[in-house]
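Next, two complexes with chain A in common: one pairs it with chain B, the other with chain C.
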Partner chain A sequence: MTEQQFRGLEVRDLVKKYPKAERNVFDGISFDVPKGQVLVIVGPSGSGKSTLLRTVAGLEPIQGGTIALDGDVLETGKPGTEKAGRSKRPSALRTRIGMVFQSYDLFPNKTVLGNITMAPVLVQKRKKADVEAEAMALLERVGLADRADAKPHELSGGQRQRVAICRALILHPEVLLLDEITAALDPEMVREVLDVVLDLADDGQTMLIVTHEMQFARAVADRIVMIEDGRIVERSTDPDEFFAHPKTERAREFLHTFEFERRRKHEDGEPIREFEDVD
Partner chain B sequence: MSDFNILLEPGVFPRLLNGLWVTVWIAGVSVLLSIPVGLVTGWLMTAKSRTIRAIMRVYLDFIRIMPQLALLFIAFYGLARLWNWNLDATGACVLVFVLWGGAELGDLVRGAIQSIPAIQTESAYVLGLTGPQTFARVVLPQAIRRLLPASVNLATRIVKTTSLAVLLGVVELIKVGQQIIDANRFQYPSGTLWIYGVIFLMYFIVCWPLSVVARYLEKEWATA
Partner chain C sequence: MDWSFIGHYAPFFVTGALMTLTISVFGIALAIVVGAVCAAIETARIPVLRQIVRVYVEISRNTPLLVQLYFLYFGLPKLGFVWSAEACAIIGLAFLGGSYMAEAMRAGVEAVPVVQRENAVMLGFSRLQTVVHVVVPQAASTALPGIVANVIFLIKESSVVSAIALADVMYMTKDLIGMYYSTYESLFLLIVTYLIILLPISIVGSWLERKFNYERL
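Let's look at the complex of A and B:
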């Protein structure tokens, strides 16, 4: 596809099937996340957004297409692998992609610092002292330096997600996948997590994000892809344009579900009594 | 009430303590040997292969369905005849209690491993941990926490079940008690109550700390 060395994540003609399912979850979808950019995937629940991130991370087998990072192919789909489980991707390749899940992914038996330092020491064989220093710097950055020795169950949901982000970042992943990381949080904790993500975006961290926070998507995205039923409905490199004037009817409908308004009175001042004709 | 004096007869207490020691020895050795058997059994119960899982299922169900006494008789009388094994009564008890404890502990291990949410192993995978690293650093430490309270309860069950060893002729706590009662039948006609009372207390002293530990662990480790 790209003769010039493409930098970033390339997903080409991805096919994904579940065992015994009649139709494919994805029937050949393609997109790029160029290095330093943020791609946000939006779409209704059950449209396959999380599955897409999981295939990129190697958690789900793919039955066709390729996933490549900086030109290195991480995954090549093979038909008949529906039940294969996780990809055999070697750990050195896995650490090039970081991922934060919706919730409950910190290791409860380890402290905050222990959670963050485990993989770099164990997998990347880095020196413990260096790793701890970097972990503390990351915690400082997300405002949690004073909680380094806390256990995950002592933290709020928002704090846990910030720790999970640090745990992914310390491996220096080329791409960071964020799978609805604020969906399980109380509304007042969403902000503290999303601020961290915005900060990362400003720093040039390549990210692939699935979210239901549309305001946030608009602010953080360089590119937007909307998917539904495993197909790309609309894609855009201009988030403001996408949110203000979506090109497809389906995207318009979808975005409209996030808008709320209440017409209290008719123009003539009579209260509306519409609910009686609702069928 | 005067039959209380049976406890003051010379030799009664030392003999009871000897009996207690046999009980604790059988139970202790059985529990210790059950741990590795249980860990391996539990690991095999979560194996990918259906055949292995089916074999472990049959093993567990067989041990659970059979009364322990029947197992003891099979081990002591049956195996000795069949393969000409010279298994003494104590050995037969330990064998049966290890097979039983191992199966029950295995089922606890299986439950604990399977109760660890998939997201934990998925996080470890994404962080680049290998399969064995994930098992040793992420799954096992969490599984052991969930497993310990129930395993301590299992240990108390093993201690209590050692009383069946009497029926193979092992001279453990209960048997010693019966011997003392028989020997003093005429001098202390109602000594029975006192001897069994002491035996009750001895079982209690062994088992009670275990249940305290189990309750403590359950409370302490409920979080996380």
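Let's look at the complex of A and C:
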């Protein structure tokens, strides 16, 4: 029996512990992100969403399970590595996964263009002229071509985050990890960043996204995973169905926290539930 | 105030200033090297060496330069190490300045956000590339005001070398006061000399701080 080679990111039975912690952060969590698809992870604060992304990125060691990309194992968990720093993943494997963080930290001493071209020139030894041309094309795509020579401190948070996306994209990562990339932004800048992400999704960029923007999650996701306390509460390949009719009580409760309503009262204390015409 | 005295003895202060500058330039250059090495050891958390650096920093910062100089100039010869007064002054200044520089540089490195290093890792940078292209430029930016302040502090502190008979500006002043009781004139020349040395350094320092402050608006 021949098995078709899986294309995309595979996380199998991932175990993650912190030193001295009583129980594991993850106790054998598994999920896939097929090539070209977008998996959105939602869940309450402290549920382990960011930690999950960081283990996939190789920024935190894992104590069990495997992380594989197109069948190539990036990381195998080893017990007793709780205190180890970053995993020893070789640079060539590392750059197959790109990451954008919540804090929109660019390298402050470089221009916008310098930030984007640094890694391909330094790490991949590509020709500077080629890299700059590609960087300009990326900036064009995110609407920042006119800011190529600006310094990071001259940009808004939303603009910096779009540059950070370009900086990750220029290495052609097979999977892009986005860790709450709009959580630290002013509301009016969230849109410009998320539009870029939607555009990438349309283009077939494989992505693993952690976000608190539920409307956005529903629009961008091909798959949804909700986690809490390091466990998968619910998973779905139909985001519309998940948001409209979550199967578990816990998911229903969680999604309800994003809905608001005011319980206005009549003078006699009876709540008003509907709009009423007042003459 | 006797202006003719000032005109006559000003050249003494030029000679003294050259001594002050010579001791300071070599002492501070050495202090920066010592500081950089110590800061690297501390931030890289190298065991054993790190503890040695801590002990050095505490001894260096908590003893007066004058006592350090006496130890080098009068104490070490008893143990068989004989140094020239100039060498003692330079080593003494480097010994004191090294710890101040180390602390300023360490603070600079520690102020670089962790996410900057994580970005570098995700972009495939090697450890060396991360240090050279990400950590050092940002750490230098934060450490620069402290380093400039230390440079000025050490030049002023170099006045102590007169105690081991080096003819710096302080030595000249004490000499002239002793010989001619010209307290006002000599002290006036002393202050003017220090201002002529230090003001340009202060101005250049402020300019550098502005130039390398990447977060400025």
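Here, the second predicted complex is superposed on the first by the 260 of 279 C-alpha atoms of A that agree within 3 Å, B and C clash if a C-alpha of one lies under 4 Å from a C-alpha of the other, contacts with A are read in each partner's own complex, and residues count from 1 in each chain.
Following the convention adopted for this analysis, contacts are C-beta pairs under 8 Å (C-beta built on N, C-alpha and C of every residue); 3 or more make two chains touch, one makes a residue touch a chain.
Keep in mind that this is a model prediction, so the values were computed, not measured.
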Report task. Quick one: on chain A, after the overlay, do chain B and chain C clash, or do they fit? Just give me the call. Result -> clash
Requested in this report: Have a look at where A:Thr95 lands relative to chain B and chain C in the superposition and call it first, second, both or neither.
Outcome: both
**Report entry** Partner chain in contact with A:Thr257 - chain B first, chain C second, else both or neither
**Finding:** neither
Report task. May I ask you to decide whether A:Phe107 touches chain B, chain C, both, or neither, giving the answer as first, second, both or neither? Result -> both
Query raised in the report: Taking the superposition as given, does A:Val123 touch the first partner, chain B, the second, chain C, both, or neither?
Result: both
Query raised in the report: Should A:Gln5 be classified as contacting the first partner (chain B), the second (chain C), both, or neither?
Result: neither
Report task. Identify the overlap between the chain B-contacting and the chain C-contacting residues of chain A. Result -> 57-59, 86, 91-92, 94-95, 97-99, 101, 103, 105, 107-109, 118-119, 122-124, 151-153, 167-168, 171
Query raised in the report: chain A touches which residues of chain B in the complex?
Result: 117, 119-120, 122-130, 133, 137-138, 141-142, 145, 223-224
Requested in this report: Can you check the complex and tell me which residues of chain A touch chain C?
Outcome: 57-59, 86, 91-92, 94-95, 97-99, 101, 103, 105, 107-109, 118-119, 122-124, 151-153, 164, 167-168, 171
**Report entry** Complex contact set, residues of chain C against chain A
**Finding:** 113, 115-116, 118-119, 121-126, 129, 133-134, 137-138, 141, 214-217
Query - Interface residues, chain A side, partner chain B - complex - result: 57-59, 86, 91-92, 94-95, 97-99, 101, 103-109, 118-119, 122-124, 151-153, 167-168, 171
